[in-house]
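One structure, as structure tokens, below. Some questions next.
Chain IDs A, B, C and D follow the sequence of writing; residue 1 opens each chain.
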Amino acid sequence: MKYRNVYLDNGATTMVDPKVMEVMLPYYTKKFGNASSGHHFGDEARQGMEKARKIIASSIGANTDEIVFTSGGTESNNFAIKSIACTNKEKGNHIITSKIDHDCVLNSCRWLETQGFKVTFMDVDKEGFITPEALEEAITPETILVSIIHGNNEIGTIQDLKALGEVCRKHGVYFHTDACQSYTKTELNMKTMPVNLMTLNAHKIHGPKGVGALYIRKGTEIKSWQDGGGQEDNLRSGTENIHGIVGFGESVKQAMNQKHRDYMTRLRDKLIDGILKEVPDVRLNGPKGDKRLCNNINLSFLGVEGEALGGYLDQKGICSSTGSACSTHNLEPSHVIMALGRTHEEANGTIRLTLSRFTSEEDIDYTLEVLPGIVKKLRKISPIGRLTNYVLRENA
Amino acid sequence: MKYRNVYLDNGATTMVDPKVMEVMLPYYTKKFGNASSGHHFGDEARQGMEKARKIIASSIGANTDEIVFTSGGTESNNFAIKSIACTNKEKGNHIITSKIDHDCVLNSCRWLETQGFKVTFMDVDKEGFITPEALEEAITPETILVSIIHGNNEIGTIQDLKALGEVCRKHGVYFHTDACQSYTKTELNMKTMPVNLMTLNAHKIHGPKGVGALYIRKGTEIKSWQDGGGQEDNLRSGTENIHGIVGFGESVKQAMNQKHRDYMTRLRDKLIDGILKEVPDVRLNGPKGDKRLCNNINLSFLGVEGEALGGYLDQKGICSSTGSACSTHNLEPSHVIMALGRTHEEANGTIRLTLSRFTSEEDIDYTLEVLPGIVKKLRKISPIGRLTNYVLRENA
Amino acid sequence: MYSEKTLNHFRNPKFAGEIKDPDAVGEQGNVKCGDMMRVYLKIEDNVIKAVRFQTYGCVAAIAASDALCKLAESKTLKEARKITYKDIVREVGGLPPIKVHCSVLGIDALKHAIDSYVKSPKNQEGKESKGK
Amino acid sequence: MYSEKTLNHFRNPKFAGEIKDPDAVGEQGNVKCGDMMRVYLKIEDNVIKAVRFQTYGCVAAIAASDALCKLAESKTLKEARKITYKDIVREVGGLPPIKVHCSVLGIDALKHAIDSYVKSPKNQEGKESKGK
């Protein structure tokens, strides 16, 4: 069993595709103009940016003037939620999101609470789904915005945007979705999905960090959240991150391929099935099959703490995560796993393994060889349950 | 006179220094981890980021924990102004800025006006200076924040941060300055300058686009403006733009050099003196000498419109600007030139030429050869004043 | 930002300049607005025989002025009055939305010139309405 | 994130495991908090002759447990009581601020073990206070 570097944390961030790098490179030292400049350096920059905008718009069935570039998923979510709320506060003061949304959605909503808005954090079922019926029940006459994550970053659950969006449309409520994890990994079509705003970013799909986009359907009442020189049709000021935007466009071009999805799905299922077979007392979090992100695996190992498991995996060259990368800033067990109704032990024993199209078959085989032994070792030095017969203090 | 490509729009954005590029490159395809990840890819990313933070902190006499990375100057200015105001609104509701601040400062202040704050937009003298006395007069018991641009992006005027900061400190008012244009081009020392917050960015100093920083002096009452996963000590969420941050650090390292300043100053003065000598009816906007940014030239040509002049310069390979790059989103004559008390004709006849350490002596010579002829040509096809004796409709 | 056609008109404005002894002159705009145009006409039998412009303004304004002159040359006064800003935008290969207004400037200057010509007593016998 | 010393303790925890017939056992923490430690002691003449831990917890918790055992081994009970979380943080080469609390866990578990030993009737004659 030879040591390998195996990167299974593509849900946190991804390697920039060398093909993407190649397309970006000229924009650093040659075509380095400011897209707002009138001269030929400005023209080149603008052309690169508009080409990327076209690729991204067409990848989701949108018009180019419905794509606003931002600095990433966090900014897009802040922008969408805070600005829609502030722009439409005459219509109502109620926002709906879910208990499994990303921290940047949840904390944007919490900020809105400090500004006098009311927020409902919806429960999910045990696989992480929100039903259209439950959503409809949560909507009140005061509701102005529903923001629900599309593909969940921890457990991979993919919500039914069409069904949820239709409920919103019926009640005249804006619908925003955070599609950072699902973008290019499952279909997103603004022609058929009643979505008003959608958050996208580049660094989850082999593009550069620090660039994202917000899709804003034509006619949506929204004002800029970051004010300044009036870039992006006055919706998002700041000198455009041209090289980043160009790289974002190319990363979408490279990623939009059913082959990649099929490949990741096969490896995902091989790894899930292999672990469930080799290791006792493991639970898969999130659904199986089509309604799970093709690159996401999330498991709870009883009697084992996730970070320690990750630490030993890292020693063997395998990069995993205990949930979202942000959780290193926070000691609480994952709010997503808890929302599924799992116990604290299950939540604390969670690891996430996220693949990419660059993950190899050998990477999966190696992981399947290494992981069971580590779990065994950790259970041996664990004071909890199953393996000993001491009465646990927490049960006392 | 051979055609040359001459880039004199370094105030809008700069070429990424190839040395900076070299240092950034590994962070795209090799050390591509998420700085919040616990594994070794995360470690590498974090180390790169913390090294950059050290370089930047020490370049301005700050501590590393006083540097928060952002997506650029616009975000830093929005963050500083909006968040200081919202966090300290119990103390007062009055903000002071100047008529020559950047649009992202002015428009952040205008947004605050919609939230119930009062803003004073201070006048400047005819070279663009704000005196400590005038500032002291503008401060009221309700004032909580003063935000004044350090080196002006259009006319190059460098304010006396020490004198202005002392007035703020005396009155217990936060002092923020936008130092995007002056950073590395003149001294910034937080040990001796009573500044509470300072905006910096990378793409004006041969670093990448889409990355900036906000200096926040320890003890400053401020909350995050972009909410999410809790990065940057909970002050600025979002996956860190590692390659950008690493490039920012290296760009500072390369730029902090008195030789570069002296070199740019010499070329600047050569170009100013040459144009004033060769072309009649020209005015220099902003001060001469030490109190002007070492790379900034701003001239008003009577009887000529700035964009057209820029258009003919561009045809000859010379990139200039009519003011800030943002003005292409806006038809108004520059608010900065107008604030100096210039006429509309002077404001509309403005061009800005901004140098960098990569500008060559030949670039300057070529510009001095080409520019006077273009001005002559434009004046010939201009219906205005001096050259004809028709009575102008606007004077009728 | 600008089309090649716009840049061609801007870079090589064929109609830039004055007519020393014009039959009509029209002006529009002012320095405060940032653009101003003057158009000079030579008219024979209600036909524009020669046209020149002087423009203080941006790239779009200069290009549009040149395009206007091109469109007006050899037209009767009546036909010339029918030129719209859309014709000019077409002639310069499109303009950025924020610059479309520049094409209106020339239309108005031309109208002023024609009006002043028609209203002038010495041209009353050759009334525009009677021209074919 | 973690120092090399922390990672060494974590990767090769010399004191991980159980003592089959311990003189004292102490526990602290619970699964809800995400970390829990049990410490096993072999004691002779008020001296810790052997020490082992079992820990459910993160990298820092496991490293700190191992470090605690290293510091406690061969100490008298009185000396062992004086070990502080700062000694542990030092032994593991520092901890990220958010993880410092993990080092407290072991201190408390050890105290519980010693307390239970001292309070136990069969150890009353060899009272800790009389030990040197």
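To be clear about the criterion, a residue touches a chain if its C-beta (ideal position, glycine included) is under 8 Å from a C-beta of that chain, and two chains touch if they have at least 3 such contacts.
Please read these numbers as outputs of a predicted model, since none were measured by experiment.
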Would you identify the chain whose Cα-based centre sits farthest away from the centre of chain A? C
Considering A-D alongside A-C, which chain pair is linked by more C-beta pairs in contact? A-D
Could you grab the centroid distance between chain A and chain B? Build each centroid from C-alpha atoms only and quote it in angstrom. 34
What is the distance, in whole Å, between the centres of chain B and chain D, each centre taken as the mean of its C-alpha atoms? 57
Can you work out the whole-Å distance between the CA centroids of chain A and chain D? 40
Where does chain D touch two or more other chains at once, residue-wise? 1, 59
If you look at chain B, which of its residues touch at least two other chains? 38, 42, 307, 311, 328-329
What residues on chain B touch chain C, complex-wise? 303-308, 311-312, 315, 328-329, 331, 333, 343-345, 348, 380-384, 388, 390, 392-394
Flag every residue of chain A that touches chain C in the complex, lowest number first. 38, 42-43, 46
Going by the contact rule at the top, pick out the chain D residues touching chain A in the complex. 1, 7, 10-11, 13, 16-18, 27-32, 34-38, 53-59, 61-62, 98
Over in the complex, which chain B residues touch chain A? Could you list them? 7, 9, 12-16, 18, 21, 28-30, 32-34, 36-42, 71-75, 77-78, 102-104, 107-108, 110-111, 203, 208-211, 226-231, 234, 237-244, 307, 310-311, 313-314, 319-322, 324-326, 328-330
Would you tell me which residues of chain C are touching chain A in their complex? 1, 59
